[in-house]
């Protein structure tokens, strides 16, 4: 029987990432959720905002308070970009570990970060020390990290799609094409016209086709793997569904005689949350909904020198909240899969 | 630590009720799923048909075999109507307990049953002994039962909606109106034209408005509560969504000074799976998706003598699979909530 | 060949009712759309906001201007409640006829109106003169009217459902129950949290169950038909789809030997936009999408004394924009069906 | 006033392409729909199968009859692949012109056709004479054709996306990548498990990633434009919506100083059904729903040598039925846009 319960907190838990963290942490066997802050909703019972938690979580949103947060072993930031960087240094100084689900600590190149997020960084020194929280890439460093930058959803799906191909130098790294599709929840819980049901339902469109802020994050991750700069075209699309994300990634093969299926199966054999589907498979987003799984299918068309990899995740889970819990497990020395054993609800 | 693992089996597990049972039993702490049968898919790995179970359930569909099933402590039947009644008596004779998720043992009046299901019953003696598996109504009898008839989805939602009102004799039992709405999964996994996405999506319609086979089942349940015949109009509708069901039930009040909210809160105070929402609430089906919860809202309009109760469940869970697990827990003497602690995935 | 083109204008055309009016008027054979106003979007090309109109409508939103509007033969108001009442009297004084798609002129009882809309009325004298624009009820008066109050969507569906039953005195008018279901577009194009795709998709719920502002409007219409006060319970629900509305209405029959099917067929035989489906039918909302049709199905359950009528419309068309065009046709002496010959796009 | 009404017929009109043809031809000003055949539904009123046509089309499905069809000026085949090739030669011999919406006459290379469709061709001589019915490519030939092979939906979207780039030799034709996304209606009206609402809803997946039968058709079209063989990777995906298709096509530019936006605007300036959106636009499928429009957006990412073109159509219209009507208009010498002036119903 596990004894020690770690204390954790959430800063900014009223968005979609927040409510998913709440669900996962409420049922996690080894942690106790002590505090969840929200300036706008302080005093409101969490279960009043999210009735799915009625009877399961008896907690109210509170004003952010340094001492309460510092009393936690680990704090998640699910705040708008630019917020965490102001609060994190103080918490880290108190030996509280931090996972930021926003983008404040993801990009090592601060000038690129400032270009995309239109902000000046408040603590560049912590950007350097932050570990990019993709366990399949940086597991050991995450376990040691005091500050983890939780990856974006698109970067997670795309990087896991390319990882074995790039690592093995099998494709031309200069001409990568990632065509990605996301459910609407990626756009968040703030009311916006283009995410109304009547605007997004029964409709399909690309967005950010001339440039998206996840592009530099993906390139940084792919470059780490390739051991040098990569060239990438990345086009995101909006799918009329709530959750789920697929990246269809294309790479020009340098040799034609590689067994891609075997390559992927070998690379991911020990990964608890990456499932290489049988040859010829087309993974479906619904099979990972509400879970931390990434499922991958590998294809090549007759006579073609292009590898095609289909990579699906739940954008709010492996692309956000459950990957944060996976990182927490690593940081706290818990079993990596603790609290992450949900099976997707089908249909 | 719980020690004894009960052995359970499923007959006919390839429909939507079946895959949901698989998900729940795979993660249940006190039972071990020993066998799942399917004539048409014997030999197929369960996870090949339902990729959500990849890596979680290492079992193949098998031909129905009496001895294998009889070795189980309890067997679920998730078969088409008319199948269970042929196989159940033999199993019961071996001291294996049975929960039938179909309609074979729900109606005590066999002539009514034959009228609606167009079959002659194969074991009338077991119909008499079967307990109707609505724990909120028959908890004690379920715990003792050898054979439980798991309720239909509409009956569950409607009966839980009316229960406190009828039990307390507060409404006219002769003129009940239940207007019910269901997601498409209630129609099953067999390909049919009207349940194609292109037919059901962005569309709304009633069906069975001149009579539906759940009507006699609901009337039987309500009559048990009212202590006499009831008059009921029941109209089901098809909602363009996968899961979820709402019954909006109407009852003419005999007195105008009752506190309906208090009545419902009192009646369901100790029920682990019925949640009476605060006064003025409108429960949403998504807050119970993938769970065993029924959420209820109680309303009256100014100057009106009609009580309005909104009752929502997941048609595949409290309306089928998870209610069957709740019944199993009662029958095996396990905690009633064991394996039923999922929180709905929101959004 | 029709010669005279009537000049029409729209005040406030950026909502869902507005864009639907734009579509219908752009293709109408007998009118010319001269002006469309929007304070917030003056100067913007209509086709930039609604790309479906690219190449079809070469018009920009303009500031509301009295003279431009007064030069029109007829002006539609598709403005928030409380706006039309301030501008309409001046226009009417210039002999421009007006159709208000909002609620400013629907309720004859101004105290009830003030209770629900939380406003004091700016021109009570015009409320009296306004004609309630339900052609099936008030055709002759509409043709003569200078000011038409276009009905709400729920009132249209419910009143057309009850009309033959109430008119013929066949049901108890004291205990009417109307259970209505609407697509999300009824909530408008303004960003709101509960109409986001991620909140409304794959979800079902009631709203306004303790009282909705369409209740007094429906009662007023039904009372006109019944020739006296009616008692009505009205519960609206939100369906996860963009367009479409169904009212399922219930009435206790006073006699049991009436042929309801014949009653409905006879009453609506000459109505171009009400289609009584064959006996036993369940009309589907998608069959009226984008059209001015109301389809009706009539049911009674064995042994029951309750009439059940299923009435479906497109909430933005027969429930708003196309009904306004039907009223315009009547007011201008055009064929009632002019410009209203769309066939629903299936699937 | 147009006088002569051309007589047209449909063979096999019970699928989604069929009902859309019915809608378009019912309202077409210059043709009269004389006959619609269906072996399985002969005798059934069309409006009983498709209630959207109630009161609008008074026709019954009939057995295919050579003489009735031969009395038509033009006949559409909306039959399963392999059917048209058996009936068409006889009709053509009677001077009836034919548009085949299936794939029987699309591929000039019969061995490739046989590989993909698993059939031997019944009339190879007519394959040679058939004109590929993409007006933007073959307008003059279509006008003269006796037999038109109406393009597939994916080929239409992809070819219109690449046309200006390939024609102008601006991209490397050896490494084309077309990532396409389709609504579910492309899979037809026959009940299949994977197109059930409960399987396809709130889900996203690729299919045919290792090879799809539209691949050779697209390559044939692109090769005609490029004036030589092209290399193409084509991956289709299934979007949880009824109608709509987007092709996101990628091409490596040979020079970096071309104004792609101007190129597209120039090439499509006179095309009535191709709309090049303003620079930076992301066309949405809903803006073309129920219409014959193709909308195109052109993008390039900073520092990238890859052209990105977004091409959206309605898969059942410009991808099938309305494109067939456009071809019919050309073949009969009618205005090319006759009967094709619908505006998409928004929202």
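Chains: A, B, C and D, in written order; residue numbering restarts at 1 for each.
Going forward, a contact is a pair of C-beta atoms (placed from the backbone, for glycine too) under 8 Å apart; a residue touches a chain by one contact, two chains touch by 3 or more.
Here the structure is a predicted model, which is why all the values come from computation and not from measurement.
Asker: Between chain A and chain C, which partner chains are common?
Answerer: B, D
Asker: Determine which of the two chain pairs, B-D or A-D, is joined by the larger number of C-beta pairs in contact.
Answerer: Taking the two pairs in turn, the one with more contacts turns out to be A-D.
Asker: Would you mind checking which chain's C-alpha centre is most distant from the centre of chain B?
Answerer: Of all chains, D has its centre farthest from that of chain B.
Asker: Averaging only over C-alpha atoms, locate the centres of chain C and chain D and give their separation in whole Å.
Answerer: 37
Asker: Measuring centre to centre with CA averages, how many angstrom lie between chain A and chain D?
Answerer: Roughly 39 Å, centre to centre.
Asker: So how far apart, in whole Å, are chain B and chain D when each is placed at the average of its C-alpha atoms?
Answerer: So the centroids are 46 Å from each other.
Asker: Of all the residues in chain B, which ones touch at least 2 other chains?
Answerer: Chain B, residues with two or more chain partners: 16, 185, 189, 198-199, 201-202, 240-243, 283-284, 286, 289, 347.
Asker: If we count contacts the way the header does, which residues on chain B are in touch with chain D in the complex?
Answerer: The contact residues of chain B facing chain D are 16, 184-185, 189, 191-193, 195-202, 240-242.
Asker: In the complex, go through chain D and note every residue touching chain A.
Answerer: 175, 177, 179, 181, 183, 198-199, 201-207, 209-211, 215, 231, 233-235, 237, 239-246, 248, 250, 252, 280, 282-286, 289, 297, 299-302, 304, 306, 308, 310, 312, 347
Asker: Chain B touches which residues of chain A in the complex?
Answerer: 1, 16, 19-20, 23, 26-27, 50-56, 185, 189, 201-202, 242-243, 275, 277, 283-284, 286-290, 295, 341-347
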